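The first chain written gets the first letter, and so on, giving A, B and C; residue counts start at 1 in each chain.
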Amino acid sequence: MKLDSRIPSGPIAQKWDQHKFEMKLVNPANKRKHHVIVVGSGLAGASAAATLAELGYAVTCFTYHDSPRRAHSIAAQGGINAAKNYQGDGDSIYRLFYDTVKGGDFRSREANVYRLAQLSVNIIDQAVAQGVPFAREYGGMLANRSFGGAQVSRTFYARGQTGQQLLLGAYQALMKQVGSGAVRLRPMKEMHDLILVDGHARGIVTRDLISGEIESWTADAVVLGTGGYSNVFYLSTNAMKCNVTAAWRAHKRGAGFANPCFTQIHPTCIPVSGEYQSKLTLMSESLRNDGRIWVPRNAGDGRAPNEISAADRDYYLERMYPSFGNLVPRDLASRRAKDMCDDGYGVGSSGRGVYLDFADAIERLGEEAIRERYGNLFEMYERITGENPYGQPMRIYPAPHYTMGGLWVDYNLMSTIPGLHVIGEANFSDHGANRLGASALMQGLADGYFILPYTIGDYIARHAGDPIAPDHPDVAGTVEGVKSRTARLLAMDGNRTVESVHRELGRLMWDNCGMARTATGLRTALERIPTLREEFWEDAKVVGGGGTLNQVLERAARVADFLELGELMCRDALAREESCGGHFREEHQTPEGEAKRNDDGFSHASVWGYTGEDSAPVEHREPLEFEYVTPSQRSYK
Amino acid sequence: MGRGAALFRTSIGLKITMAVSGIVFVGFVIGHMFGNLKVYQGAEVFNHYAEGLREFGDPFFQYGQTLWIARAVLIVALAAHVWSALKLTRQSRAARDERYRKLEALEFSRASRSMRWGGVALLAFVVYHLLHLTFGAVHPDFIAGDAYHNLVTGFQSVPVSAVYAVAMLALGLHLYHGVWSAFQTLGISGPRVNRMRRPLALGIALVVAGGNLSFPVAVLTGIVA
Amino acid sequence: MNLTLHVWRQASPDDRGRFVTYEALDVEAHMSFLEMLDVVNEGLEERGEEPIAFDHDCREGICGTCGMVVNGRPHGPWKRTTVCQLHMREYRDGDDIWIEPWRAAGFPVIRDLVVDRTSLDRIVAAGGFISARTGSAPDANAIPVPKAHAERAMDAASCIGCGACVAACPNASAMLFTSAKVAHLNLLPQGRPEKAMRVIDMVLQMEAENFGSCTNHGACETACPKDISVDFIALLNRDYLSAAVGRSG
């Protein structure tokens, strides 16, 4: 596997412009003859499909949902960062770049992050032009807030529904192209494999979720915008259908998978309430702007929160990090909550929770002001828990939320398979080992609107070949492979439900490859996962047929891939003998319990190559160089 | 132009037709009720008023012309109202091809559910009312030109008065939802307008239905004789 | 608690469909409604029976994927709440719960409680967008938008496209959905240039999708999990009327 990052030469601020100039263009008259497949219709997929169609390419967009608008980008709450400096508080492209590299704990590619910061401003312009109703000041100008510990106000937001509004903007742009016939939309079709011809990505195989039909689709290039894989943990804040299948299938066809162990645990989620729990609900990080996090000073203090006096409370983040307090980055906030609960200070019936208290903010600003800022979140909390957060503190606990790892891509967002491009959360590129709040929407849209549509032109101009006939042996072979795998799944008639296997995998991953990892734990998981995978194929059961809507079959196919991915995550976590960002190895910490990076040994992206079912994956390394932001120990004291 | 006309055949176009024709009727029933209040001033005034309707607009219009013009407008409005209602009902029936076992009533007011059967009932009533007090075909003691007499003798029958009472109840409901609905359909909406839409609808419904109901009550109690 | 469920089962669009009764045992008050169904389904799977197909995804009330009529009410009894956020503490031991799919000609049943709502996408494709070519936008602050307008547009834009408005409407009308999208875009200065075309194209597509007519019942607003107001329907009507008059004149 050759890892050529294709980072343009020259000063960082000019790399993207220079690169845009150097890329080959496709003759406008020829664009409609070139066909691009976009898999996924979230922020990245929808914006890419719409923009490619505007440019004149023939686009087919696939989603396993009934509508592109259901993609999980819709659930992002807090906001989107942009270096607009509308607040005049000293923000700049360079500062956003700097913050993002530092926040990612120096495990991302500088050139990509700089480009992301540059494009952030264009995204806001584009979104406003599309009718995204961002929050505004009384004068009619856009409002900003400070988010996730940033020292400047650079976050644009639409109430607590920023992801929804940005996705609707991209969705509307996409539907315009669908209406005009420039994009063929294929809902309720799930990608099951990638078609390679002469080593290039030339199409995909899908299963129609309603009719069960397995079909092949060919094109000049394939784009995956298929999201993250947090559902490997079973319980996560991801939507129930989020899965790794498209990316994993591509990986098995030769695409390198980078930093799979870089997962983000979000600190402010509603704690688990029981065995039946199907997913976890995130409460926007913005709550930490006004809420104070605490636990009882005495372990096992069973009193109701309001009966615990200030003296008996430990506002531990404020105590440990006097300058950032409750606004420390996500990984720190999550890990400290875990420590508190591990040490017996946890609250709630399970003991896995800490308080997020608004009493002081309500006293200072009044209940009305708090209602205006967080009303919908408070309402959601009350609906789920039956507790009123205006009257008593919320209980929160960290939950898997986002995956920084993903398919490796070069500066052009192309994977190690020529022609296969990967955008949004599905790729690995910009967030390093930890993503900052309000940066996911930014990256998805930068990729989809402003990067991929141009870089893919360069690939097409250089490589577009003859159309592939539907009966081409590589196409037919791939279709056969999917058919036989589906048949194998349908034939499973054991004693365990698919759900029970997924739950077990999730617990294994959470315990051993979650917020804190140890070599021993990871080895335990690496021993157990292959046997669990065997149990799945031998003892799980898929009821129903293949010719209709069959949600058990859908889940089974996804869980089968999680069972393989989980192993790779543990392997990656074990190989990375350091702590950085969301990856915390207990063996590697400072005396104060902070993550201890090993820049000499691990300043690289680990890119795993698939070598077959019975052989271990091979690790390749893309070294990371830091010319502009000197790696330093993060300190939020 | 072709496309423009087609735009009035959509469900929204038909609803606009219903609203506009409905407003004609709202005007009519209000005028009709106020005019009939003259019955409390005695036979002479009332008959003079009834006759006056025919001379309205004189000398510009000839005897009876304005009345017929008014009648023509009402007939056109009625036809448009009923035709639109039929088309809209058919569309809506087709839109729920499979019915629920149960669907909770979630609408703002029960009056909205009365529009279809209430409308049919009102149509039947209008026919009866015309045959009864305008043409006298179903009136036991009809004297052409003596509206006062026809009204008093007509309402002295308890069953006839009961029919009128039920019809006025239906009219009240129809007006209550119809007036509010017309504001919605014509897009007359805004924070200030919205505050007065319900009270106005209720007011018109109460005044018209109440005023009309007073006539049979007055006859049966002997206040008007 | 133990509950008796009566669930609409329909193997395919052509199947007649029927209610099937299931016992949901040991349901906990903390469960969400869909988690209760998950447990029932896992029991069915264990016995080798096909589980109840129902659509759902984010389970936090924003994706608009879930939707079913619970005891005659779209999304169940809680106001401003999608069925995925409904929790079982609402119910008491021994309760009967009837569960039906959205029923509308515009939403054909695919299987059990899953319906096809692509009609709503086609309405959006007809005009529910602002044409702004990527990269062509002026600076985001170039056009100030009064806060009140932005807020009102946001109220309309909160629609999650779940289809509860259609399900609740005695006429199976899609006016609340369509009006929310029209209002969101027409209320913003960026949406002005395409205002008339948008409203007409979207309404014509809505008509073509077999939805019923709006009789201003207001059931849609009551059922809407996002509290979208029927005031937007008035706005749609106004924009439609002026566009239609403009066209015919």
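Following the convention adopted for this analysis, contacts are C-beta pairs under 8 Å (C-beta built on N, C-alpha and C of every residue); 3 or more make two chains touch, one makes a residue touch a chain.
Computed from a predicted model, the values in this text were never measured in an experiment.
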{"item": "Chain occupying the middle, per Cα centroid", "value": "C"}
{"item": "Identity of the chain that, by mean CA position, is farthest from chain C", "value": "B"}
{"item": "Length of the line joining the C-alpha centres of chain B and chain C, rounded to whole Å", "value": "36"}
{"item": "Mean-CA-position distance for chain B and chain A (Å)", "value": "62"}
{"item": "Whole-Å separation of chain centres (CA-atom averages), chain A against chain C", "value": "27"}
{"item": "Residue ranges of chain B in contact with chain C within the complex", "value": "1, 3-5, 7-8, 10-16, 88, 91-109, 112-113, 115, 177, 180-181, 183-189, 194"}
{"item": "Chain C contact footprint on chain A (complex, rising order)", "value": "47, 50-51, 54, 65-70, 72, 74-75, 84, 86, 122, 124-131, 133-142, 158-159, 161, 164-165, 168, 171-173, 175-176, 178-179, 185, 187, 210, 239-241, 273-274, 276-279, 281-282, 379-380, 383-384, 386, 449-450, 453, 497-500, 541, 543-544, 548-549, 551-552"}
{"item": "Chain A-touching residues of chain C, taken from the complex the two chains share", "value": "11-12, 28, 30-32, 34-35, 38-39, 42, 44-46, 48-51, 53, 55-65, 78, 80-81, 85, 87, 89, 110-111, 114, 116-118, 120-121, 124-141, 143-147, 150-151, 153-154, 157-158, 160-161, 184-185, 188, 190-191"}
{"item": "For the chain C and chain B complex, residues of the former touching the latter", "value": "17, 19, 69, 71-73, 98, 100, 103-106, 109, 168, 170-173, 200, 203-204, 207, 210-219, 221-223, 230-231, 233-241, 243-245, 247-249"}
